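Consider the two complexes below, in which chain A is the common component and chain B and chain C are the respective partners.
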Partner chain A sequence: MTQQKLHTIGNGAWRKDGIAKVTGTQVYAPDVAVPHQWFGRVLRSPFAHAEIVSVDTSAAEAMGAVCLTFDDVPKVRYNERIVSTPPHLYRDRYVLADKARHVGEPIAAVAAPTEALAEQALRAIDVQYKPLKASLSAEAAMSPEADALYEKVILGTGEVAIENNVAVRRHVEVGDVDQGFAESDLILERSYTTVPQYHAQMEPKSVLCEPARDGSITVWASAQSIHNVRILLGEIYGIPLNKINVRRTLVGGTFGSSIQVNSVVPVCVGLALKSGHPVKIASTREEDMHSHLRYPSQLTLKMGVKRDGTVVAGEMDATIEIGAHNIQAFPFLGVLAGFFASLYKMPHMRYNGKAVYTNRTPSCAMQGFGAPQVHFAVESLMDELAVELGIDPLEMKLKNYVGLGGTFWGHGPTVKSIILSDGVPELLERGAEHIGWADRPRPEEQTGRHRRGIGLARGFHTSGVGQPKAQGAEMIDYSGAIVKINEDGSVDLAQSLMDHGGGTLEAIAKIVAEELGVPLDKVGISPVDTKTTVYDVTTHATRGVYAGGAAAHKAAKTAKAKLLALAGRMLEVMPDALVIEPDEELGQGVIFCPGMPDHKVTVGEVARHSHVNSWGTIAAVESVRQVTAPPAYVTQFIEVEVDTYTGAVRTLRAALGADCGTVVNPILAAGQMEGGLSKGAGYALIEDIGWDPETGQLDSKGFWIDGKTPSVSEAPLLGDVTIDFADTYEPTGPFGAKGIGEASMNPVAAAYTNALYGALGVRFYDLPVTPEKILAALRENEATTGAPVEARRETTMVTS
Partner chain B sequence: MPAAAGAVGMKPAAFRYVAPADIDEAVAVLAEHGGDAKVLAGGQSLIPLMNMRMSRPTALVDVCRIASLSGVSANGGLTIGAATRQASVAASPLVADAWPVLTEALSHVGHPATRSRGTFGGSIAHADPSAEIPAVLLALGGEVVAKGPGGERVIPADDLFIAHFTTDLAEDEVLTEVRLPRREPGVVSVFSEVVRRRGDFALVGVVAVAQMDDDKRVRSSRIVLFGVGEVPFRASGVEDLIRGQQLDDSIVAEAARHAAQEIDPIPDVQGSVEYRRELAADRVGLALRQLTTQEGVPA
Partner chain C sequence: MSNVAPVSDGSQDLRVIRVVVNGETHTGMAESRTLLSDFLRHELGLTGTHVGCEQGVCGSCTVLVDGELCRSCLTFAAQVEGSRIETVEGIADGDELHPIQRAFQDNHGLQCGFCTPGMLITTRALIESNPDPSEAEIREHLSGNVCRCTGYAGIVAAVQQAAREIASADGGGA
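Up next is the complex of A and B:
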């Protein structure tokens, strides 16, 4: 439904950074080095909860290392993720901990001229701990016997007391829920459990800080926002922002793991300031896994429906564990409510959420934020309700989903948008066709060792967190861009936005090329830093193309107006009469007046003419806040095969659909969908970050050998995956585009559990659905319903 | 309470690296360190253990640069140099011809990148009870050659695996080669394992080798399970049960049940004891049924 002829957007362009990546020459934060740099290491707590009685660094210092302890760092409590506005920002941590609240908490740090000396010095630091009772579950943390993690934390400009280790509560209510349930013909209530998941991004969190004699610092860091790194370092260390420069390095994936300013960043700055040397800290994989994980949740969901499948009422109780620090519990509880309210029309809705501190790894953003948890619960229960009512789940979802003209709560109760583009019906129809939904296998029709099932789940993610209110928003959400037309007609795009590897900047380069009418290879993505760019909040919430792209689009429009004004002066034609189109032969944008073939000049000629005649540089800087946050819809049909003897689940086929508005680059957009399927499959079936209940140490101890994430071997063959893009146009997006990234993962777990139901006739409420859980469920099903799983000849259990 | 520094974020303790030119030098360096040195033979398991400081050798003796330790040769059976990369063994036509079950097993050992570094002998000396190569060695009834200060000795696979990550190799001995017997006429073999993800160590696996009579009765067999206890495990009860039998449904079912009883699995984050027993039964049943469908080399 594109509204104009496009020359670049929609083409499957290859990546500008592809060659550097595949040849190993791309520089990531852990690769950055400067002359005379020292190496930093962080001493981390071996206890889940302990008072720090003393820290003796004398032996380490005698080795020639510079040490940093709690006494050395500013007594500024901060929140590492400064995306929430100050009144909604909970601050509970220092650069180094005043108390150990989780295994892996930074207690002290060293810097030394060599990595080996840094490691030796680290081990020479003598810390005396007084262990406290560790709360390793929400239940334990809320019990009266639990030791408090915090007495008080800072909220806005004041302090709030923390009781029973509950960090935040949120309550949302719409309509009259009790009346809604009273009017319902069928009510189901189920509890769903999701576990932490490690981001498993390729780049471990790293940082290099180079101090200068004038008190300024230059920082390279794994980050999703270089400006937030700068602003927070300014707050903590009291350095004027013009003396802090944060340089962007390409980030080797994040999945949300660097939405915050990682704790190693201010530690590294402290070491550099104290030692006077450039200091580099590259986290080990073990440290990385101990620094952040996905929010685990317990969701109790109750929904009431009419006999015809109309949803009447819904109620959700959420308990989430935030671990040892409150990074963004308040918005997290908000999005649980918002995503719950936005999946299906619910006249009556009630939501209660609480976020609980525990002595575990801090929870933080991860692809989908709270959406995968909510999607798992809601999409599972909708499937169960439909089956109970004897209605096709697809029909029931189509009947109730929040679509065109509806209100989408985007990123929580304060981020509401009217839906202007909706490809759901089209995607459901096409996906059902690809996968053979009408003829899907049914549990009651299957016998034998291997059973097949097809599951459907759908949903969305928000495209950014923009909203119309001028003041009082919960979240900061704006982007900026500088577009500069060079003296030869090529273009520089200088934007502080981060590309996590999905190709966000490449997509934005296409938006700029499209607007300026120049070939894509004429647009270069500038290496940038905070000194020479304008602010971008952070690449999160699937906002890169929709919000970051909008800023670049506006800058391109402004630059284009200047360009056409100058071209008009050259051609003696009114600028409004001119258009630009790329000319493949010339490799240039050509500016001309339709109907006046002689009046024609290339973009390069205008730029050069402007240069030699000292007319000035053709450039623009813009800063843009989107005022809506449209849903990026997805639909997922997944076919599995279950080995009922081993419990193993194989993904046979998938039919994926995405409504990302105008597709900027179908190759990379498809890659997002494939990646989301893999990440979601890990969440659904494999990944479980367990804790030792005694020590609070991760079972995997931070090693990847036990922290399973699926690899390409577990994915279905690409030939068995179809990806459809809806033919939609989002009027508020750049060239009609909206988001896709996080949406690709959100419903996947429910598609799997619904597929498992289709294969086995058994529902699963706890993620991940491991082979052992499947075997146990089959046995229980056998015992309670008498439905034999099949004469499992070899697997007669032996109990000894 | 004091605590060891760096409960997380551990990387190896300092060590000396030696790359000897020949085996004698390797043996001499090992002896010099009196048991505190370790042989580095690819490092795909040893280095992670050192990074976790579960292993803290004072020296690493890198045997991968000793040319005589690499290569595959056929002499009726197979002789495989201990430092031959797993990828080379997997790609060897001699191996594929002599023991296709080994080629098959190697495709399940880690990933292409780890197989390019990891060595055949290194995996055997490391003796991970969930690893494929030690199980194949045991099932084929191979032997290894070790060289120490006192000279060379040959250790049959049946005597090699002592305990969890422990072999009969002395601290100052270097494993030099692995010998696999000739495949006799009528011998068939099957490899099968259950993993959470391709390339992982096995939850449970089986290597079944049997010599069949003309009337499809089992003359003799070696049934080895891995991932089921401290060492690769010879299921001798199963072997006794199927000796002289045709592998029909009832004997396969009985053998599978027997396998589950015979083992003593260790629970871990990947799987419980009960699950591993269940998998052992399943894999043994599967392997025995597959044995009946295979053709051995003709007499």
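Up next is the complex of A and C:
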């Protein structure tokens, strides 16, 4: 459905950053070093909840270290994620804690000329704590006996009291839910539990701050928005923004864990300002595990349907644990409602959400934000309803899903868009064919040790958080770009947007090349910093290509108009009569007038001519807010094999479908789907960051081996995964593109649990579905149905 | 906060370490406690070897020491005195990419790239010991290297391509 002939978009070009990455020359935040730098270390709380009685740094200072404590840091309460607009921004933290609210909370910090001395000095700091009662679950935190984490926090310009440790509540209601349930022929209600998944990005959070004599600072940090790092540091330390420069380094994965300015960043700046030396903090993996996690949730979902499968009413109650700080509980509760309302047409809908402080690692966004939680619940319950009604789940989903012409609540109740592109029917049809949906194994037909099942789940993610309101939005959402045509016709794309590795900037370079009509290798991605670029909110909400790409597209259009005006002057042709096309042989964009073949000039010739005649630089800067947030749809069919003796689950096949509008680079887009399947499988089957219920210590004690993430051993074999892209065109996106990234993971867990139902006839409501849970469920099933699973287990033990 | 190594006052404990890295002799200073990963990165400036966990779990820091795979984050610099070390910076032949590097590029066997140096070195050791690995052997060999971005599909495909290309180049030369 492409609307014009495309030269660059749609091909599987090599990554521009590939050579640096395979030769070890790519620079990440932990690799940055400057002469005479000192090393910073952070002292972290061993208690989940404690008053800090005293901090004695004299011994550490006697060693020559510079120490930073609560007394040294500005008394500015902030929220480290400055994406919500000020009236919706809950602020509860300082650079160093006034009170320990989780194990691993930064209490003090040191800087010293060597790492060994910094570590020694850290141990010489004497902190006296007075332990308080720790609340390690939402239930415990809300009980009357619980100690309050906060009396008050700041919201907007005022303070709000925190009662029963509940940080935020949200309520959304559409239609008349009670009437809707009264009209329903079948109502099911289930409770779903999801766990706090650890991002496990490869790069532990790192930061280097170099102060200068004039009071300015230069910062390199693991980040998803260099501009938000700069703005927040300006707010905390009262430094004018033109004296703060944050330089972009590539980031070794984030998956949402650096939407907020990571807590080590302002600590490092405090150490650098106090010591007057450049200071670097490279977090350890253990420290990283104490710093960020996906929001765990308890969702109670009730849905009412007609006998023919029409959804009539839905109600969801959500309790989420946010840990020790409120990073983005307000938008999180909003997206739970929005994603719930947008999966299936629901004339009557009610939602109640509450976010509860607990004495655990602060939760934050992770790939999918609230969508994997909601998808797990809704896609599981829809499957169960369909089976109960005797309807094919695929047919029931197709009948009810919110599609073309429907309203999509892109990012909560205030971000609504009319859906203009929808590849769901096509993707469901193709996926069903690949996986053999019609002939899928049924639980009642299964015998023997190994049982197979195929599960279907579908869903979406929003493409950005754009909306038409000119004032009063809940979230900031805009991007900027500078496109400059150099004196030889090559192009520089200077954009502060972060590419986490998925290839967002690669895709945007293609958008620029396509618009300017030049070969892709003519577009260079500039190394950038905050001083020389315009703002980009952050690469989150699957907005990189759709919203960030739109900014670059607009800048390319503006630059192209200037280019054609100058070319028209050279050729004595009206600019509107000119077109540009890449000429791969010339390695140049060629500007010509169709029908006047001798009126022809290359982009390079125009740029040179403009340069030597002092006509000026051909460049443009644009800043763009998208006014809609279209859904990037996905469909996922997964086939599993369960070993009923061990409870082990193997992924046999997957048929994945994505509707990302125009596919800018099919290989990179496929990479998103493959990565989403892996992280989704981890979420569904393996990953669980648990805590000691008494002390609040991580069960893993900070060791990755005990907080396992999927390895290549768990991935399906090559050739057993198919990936389809819908043939759609999103009219509001650059060259018809919308997002893909987070969508790739959202329905995966439900596809697995639905497949497990297909194999075993058992529903699972708590993630992750570990082998232990599968064996326990089989034993329970045996007790109720007489299926002799246990007997077979004993037989094996005897024979083996 | 549990797993912290004992610290010494490094100032009295410096020693000279001489190693051959990627064919060139390097001399640098290290304390007894200095890890090989830190020695390579901080003392020799070879930051291509990444430290993802400093616990020996993720495999990002993998290098070859005298031809053997080694987690440089679990090895002291003092242990490799006099050894031949190969890091990601030494895989290419000048400006010419090694077939393994080309294969990772061709197959998009990387996204953020942080795990890539360890993947490349581990692949190199595999193909040297087993020039025609099956998919199962590739998976077994790479199972100690974590990648959080790709889901591993592009990586496995890259190793297959690299083995094929190296085998056909060797065959052509014989």
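Rule of thumb we're sticking to: the second predicted complex is superposed on the first by the 790 of 800 C-alpha atoms of A that agree within 3 Å, B and C clash if a C-alpha of one lies under 4 Å from a C-alpha of the other, contacts with A are read in each partner's own complex, and residues count from 1 in each chain.
As a convention for this text, a contact is a pair of C-beta atoms (placed from the backbone, for glycine too) under 8 Å apart; a residue touches a chain by one contact, two chains touch by 3 or more.
These figures come from a predicted structure and were not determined experimentally.
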Touched partner set for A:129, first chain B, second chain C, both or neither: first
Touched partner set for A:713, first chain B, second chain C, both or neither: both
First (chain B), second (chain C), both or neither touched by A:686: first
Partner chain in contact with A:270 - chain B first, chain C second, else both or neither: neither
Touched partner set for A:14, first chain B, second chain C, both or neither: second
First (chain B), second (chain C), both or neither touched by A:251: second
Chain B versus chain C as contact partner of A:700, first or second or both or neither: first
Touching partner for A:286 - first (chain B), second (chain C), both, neither: both
Contacts of A:455 with chain B and chain C, given as first, second, both or neither: neither
Common ground on chain A, meaning residues reached by chain C in one complex and by chain B in the other: 44, 46, 103-104, 116, 119-120, 123, 284, 286, 290, 697, 701-703, 705, 711, 713
In the complex, chain C residues that touch chain A: 1-4, 7-11, 31, 33, 41-42, 46-55, 57-58, 60, 87-89, 91-92, 97, 101, 104-106, 108, 110-117, 120, 135, 139-140, 142-157, 160
List of chain A residues in touch with chain C within their complex: 12, 14-15, 17-28, 30-31, 33, 44, 46, 103-104, 114, 116-117, 119-120, 123, 199-204, 250-253, 255, 282, 284-286, 290, 500-503, 667-668, 671, 674-679, 697, 701-705, 709, 711-713, 715, 717-718, 721
Chain B residues within the chain A interface of the complex: 1-11, 14, 48, 52, 111, 194, 196-200, 249, 252-253, 256-257, 260-261, 269-272, 274-275, 277-279, 281-282, 284-286
In the complex with chain B, residue positions of chain A that touch it: 41-47, 50, 103-104, 116, 119-120, 122-131, 283-284, 286-287, 290, 645-648, 686, 690, 697, 699-703, 705-706, 708, 710-711, 713-714, 771-772, 775, 793-800
